[in-house]
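Going in written order, the chains are labelled A, B, C and D, and every chain counts its residues from 1.
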Amino acid sequence: MDNVYKPELMEVLDVHQHTADVKSIRIKFKDPGKANDFSFRVGQFGMFSAFGAGESTFNICSSSNWKDFLEFCFRKTGKVTDVLWRLDPGDTIGFRGPYGNSYPMEEWEGKNLIFIGGGIAMPPIRCAIWYALENRDKYGGVTVVYGARTVGDFVFADELDQWAEKERTRVIRCVDPGGETPDWPYEIGLIPHVIEKARIPADNAVALVVGPPIMIKFTLPVLDKMGLAAKDVYTSLENRMKCGIGKCGRCNCGPVYVCKEGPIFTLEQLTQLPQDY
Amino acid sequence: MSETNGFEPKIVAYVCNWCTYLGADLAGTNRLEYPPNVRIIRLPCTGRIDFNLVIKAFEMGADAVLVSGCHPGDCHYTAGNYHARRRWILFRELLDTLGIDMNRIHFAWISAAEGKKFQETITEITEKTRALGPYEAYRQLCEASS
Amino acid sequence: MTSDIQEQLRQTCRRLLEEEKVDVVIGYGQSTADGPAYPVFITAPQDVDRLVWNDRCFNNLTAYLTRDEVKSLGKPAIVVKGCDDRALVVLEQESQINRDEIVVIGVACEGVGEPRAAKCAACDVHMPRTADETLGEVPNGPADLEAAYAELDAFMAQSPEERMAYWRGEFERCVKCYACREVCPMCYCNRCIVDKNRPTVIDTSAHVKGNLAWHVTRAFHQAGRCVGCDECTRVCPAGINLRLLNLSLARAADKHFDYRAGMDKEAAPVIGAYREEDKEDFIL
Amino acid sequence: MSQTLSHEDLLKLVDGCLGQGKVVAGPTLVKPDLCAYAALRASDQLVLKDFIHPANSIKGFFFPRHEPICVYRLNGNDVELEDVDPPKTEQIIIGVRPCDAAALPILDHVFNWDYADKFYNERRENTTVVTLACTDYDDNCFCTSVGLGPAAEKGSDAMLLPLGDGGYEVRCFTDKGKALFEGKTTPSDKTGSASEGPARKIDVKWIEEALEDDYENPAWKTISLRCLGCGACAYNCPTCHCFDIVDEGDAAGGLRVKNWDSCQFGQFTVHASGHNPRANQGQRQRQRIQHKFRIYPEKFNEILCTGCGACTRNCPVALGVLNTLEALRAAAAPDTSEVG
């Protein structure tokens, strides 16, 4: 019988530092056979191992169209990420996955997509943005609202310009008041206010909102006001996990195992759950 | 070396930065030879030497542990060694109750000027531990834990 | 005797609640006469009849004084036995409680458990020492420390190898449920060292190595602080006699520093103070 | 016609199995006043009377409290990873209370939905469970409330029913059970009996309904005021199965291990950001009860509780599932101002 807890060995291809404490890492399977067999859907997550420190859960933030590598992004905040932070190309880590559900990218076809992210929460949105932009014809207008505390806190900042150049795509960047630099050309303000001001058309739209609980809390009423139904607002939960495969009991949120039935939920589903996230 | 089947004891020495570490340094610069069995781990002060470190050393296969710092009155932080001494007094009794071999835990005051004492202490502990043999009881306990 | 105390206890608590001297009474309740007593939190005067006092009132309720969930209920009155009362002294020494904000109801205790718990055999604090109101009267026995440490002496008569083998057998049963920690009034850290992982000082695994490391830590963090309520030992599902470890440290503090935890608020704590003449015959 | 076995012959069977190198476990006195399931060194350690329920459960023989899941070796920037197999030794557990055996088919679900946990499954395959029907109960038992009983067969390969003369009627339910007792038993007209079942009852139907939308119920806070947040309930529970995965080793390498964990611990759900979704004990108690009586039944159509009462017996503050549920029920009745 297979050992479902045994990770695959991955080689670190590239390390990119985004902010003072956020990095993303590109990895590939050491075993070429595994690489060929592997596929995932945007929105899914994996368990990433720094051997000796343990495993952590991260969203796979690369697009599922990219076949040469997987990418994940993390903030240096604990035992595992301390070790991941020190990785260089050529180093070895472990990976299990993909796990969990994914964004219903087929269901979203033909719709206008609104992506709203705060701070470190960009990676789980980034995979969907790239996926949509790489299948540009299938989707309507794409709006990306990305807010961070300060100018220095943007993750994948260089990609924002690439997205903005695509057709029917609007990128709105904002920093919290006080977080701007003198030459900051974009918005200053909190995400909910910026969205309100931006007058994003909400007809035939779905929104994906990921960020700290406080941001989500104040953003949802704005989306509601814009006319987005609860079933059209999606988010990705970040419950702590250990096994990722519906056994260890840690990610339970009401009747769901976030690792199996999630991490993607609509606002409509979330209102049925306790606030255990 | 000796009749103990080539057994080389592993000795972990937790030493304070200001006295014993310099004492060890002095032993070195004075070319006072001492057994290579000791692994020196430098900490700011004996007051910082957490008792968990003693346990950790045994867990990782140490056959004996030495904790050493400044003589009373000489602490760089005024009283770290006095506090440490109190803790050791109590800690030794706990270890004794647990049946830990008290012949494998040593405490010493070794100043920066006592290179000779460092040499002698390490030599003595090494020979004593060599005579005791490997700390089988703790090793078995660890082996039972994989 | 105990039923008199129980009645007085209810009256006292009713008065305290009615006069709004306190918001909550932390005491003992019982569902059935022969069932176990357990902690209850009474907030209304009409509920004081739920309070009981008998020899099944094991819990050291002072463990609740540092818990956020209980603190949120407001100013407490707390029911303590003599041994629990010693915990109050330590908590106050360590600035964990503001004694002025707590009404302490002491109950005279002739001992708990049937047969009596080991700690009761040499008890010299039948009467709580710092209570604001004390109910009942039992003469305090003399401090017979020899009797108090008799169990430890018997254990120490074994060889170190035998002792190690004993503990190995005991720790093989430990599942690391941490009942010993949670029940202890002195284990009030927000995040226990065993739950910290940068670095991992103690293996979280419940194997014998990790269990030994854990129990050394638990016991030693109680050095000079453990008041001997023996709750850790009572609640251990694996029946590990943690009392022996606590006793060894209590005796060490007693022997070397003439110190007993929770007996004298003004005494300088064993860990945290020192004397230049502390013994050092074991130091090279 | 029934099949019977004398106590002496049962002990011979135990010694026989031990002689063949099998692991034989059962209730035993680990201390003079503490009966618990443990591996036996000899048959005379087996205790089959004068206890209601051992302090622990048998889940550790299938899902150990500590289990290596792989070995890693660090070698420069390379890592060697080695699979670990659970021991292949055949296990026989004798004298299991029916409530403990019943937990196994319940746990089979979670260890096999979608992803199969080989560690659990292989141990399960290698183990024969011989239950001992209950002839007595205590105030903490409530098996009949969750569809089980003193002679419930669920999870048993064979069952011993005391005859009153020191012997047992042996009933075999599976091939494993039959294989164990093959040729060992004697046909007889005696039949063993079990007790009628515990006196205390809870209304599971009511609980399931009450838990339906119960997340904000203030009763959780008051019920769990006395809960100290230890894992004595979960770790002795036959069905609780939460675990942690950690690496343990040194600079050269080590083991990745699966360790028991409990939803009652404050650190259990803490996010990397420091945010804790279940920040107080009331929420954590709610989770435990919800998982047992709603989440698990919804997923797997089985209650994650066998009514063994181990949680209550081991609880430092006499809480446990049964008392928690009764308190929940009392709180739903409006005529009380009780707290805790």
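The criterion applied here is as follows: a contact is a pair of C-beta atoms (placed from the backbone, for glycine too) under 8 Å apart; a residue touches a chain by one contact, two chains touch by 3 or more.
Please read all numbers here as calculations on a predicted model, not as lab measurements.
Colleague: Could you compare the number of C-beta pairs in contact for A-D with that for A-C and name the larger?
Modeller: Between the chain pairs A-D and A-C, A-D carries more contacts.
Colleague: Report, in whole Å, the distance between the mean C-alpha point of chain A and the mean C-alpha point of chain D.
Modeller: Averaging C-alpha atoms per chain gives centres 39 Å apart.
Colleague: Just give me the whole-number Å value for how far the CA centre of chain A lies from that of chain C.
Modeller: The answer is 48 Å.
Colleague: How many angstrom lie between the CA centroids of chain B and chain D, rounded to a whole number?
Modeller: 45
Colleague: For chain B and chain C, what's the span in angstrom between their mean Cα positions?
Modeller: Distance between chain centres, rounded to whole Å: 34 Å.
Colleague: Considering chain D alone, which of its residues make contact with at least two other chains?
Modeller: 244, 246
Colleague: By residue number and range, which residues of chain B touch two or more other chains?
Modeller: Correct list: 146.
Colleague: In chain C, what residues contact two or more other chains?
Modeller: Only 200, 203, 205, 207, 210 qualify.
Colleague: Name the touching chain pairs, would you?
Modeller: A-C, A-D, B-C, B-D, C-D
Colleague: Any idea which chain B residues touch chain C in the complex?
Modeller: 50-52, 55-56, 59, 68, 72-73, 79, 82-83, 85-102, 106-109, 121, 124, 137, 141-142, 144-146
Colleague: How about chain C: which of its residues touch chain D in the complex?
Modeller: Touch list, chain C to chain D: 24, 29, 31-32, 35-44, 46-47, 50, 59, 63-64, 68-70, 73, 173, 175-179, 181-183, 191, 195, 200, 203-207, 210, 231, 234-235, 237-239.
Colleague: Using the touch definition up top, name the residues of chain A that touch chain C in the complex.
Modeller: Against chain C, the touching part of chain A is residues 78-79, 82.
Colleague: Using the touch rule from the top, collect the residues of chain B that touch chain D in their complex.
Modeller: Against chain D, the touching part of chain B is residues 60, 146.
Colleague: Which stretch or stretches of chain C touch chain A in the complex?
Modeller: Touching chain A: residues 197-198, 200 of chain C.
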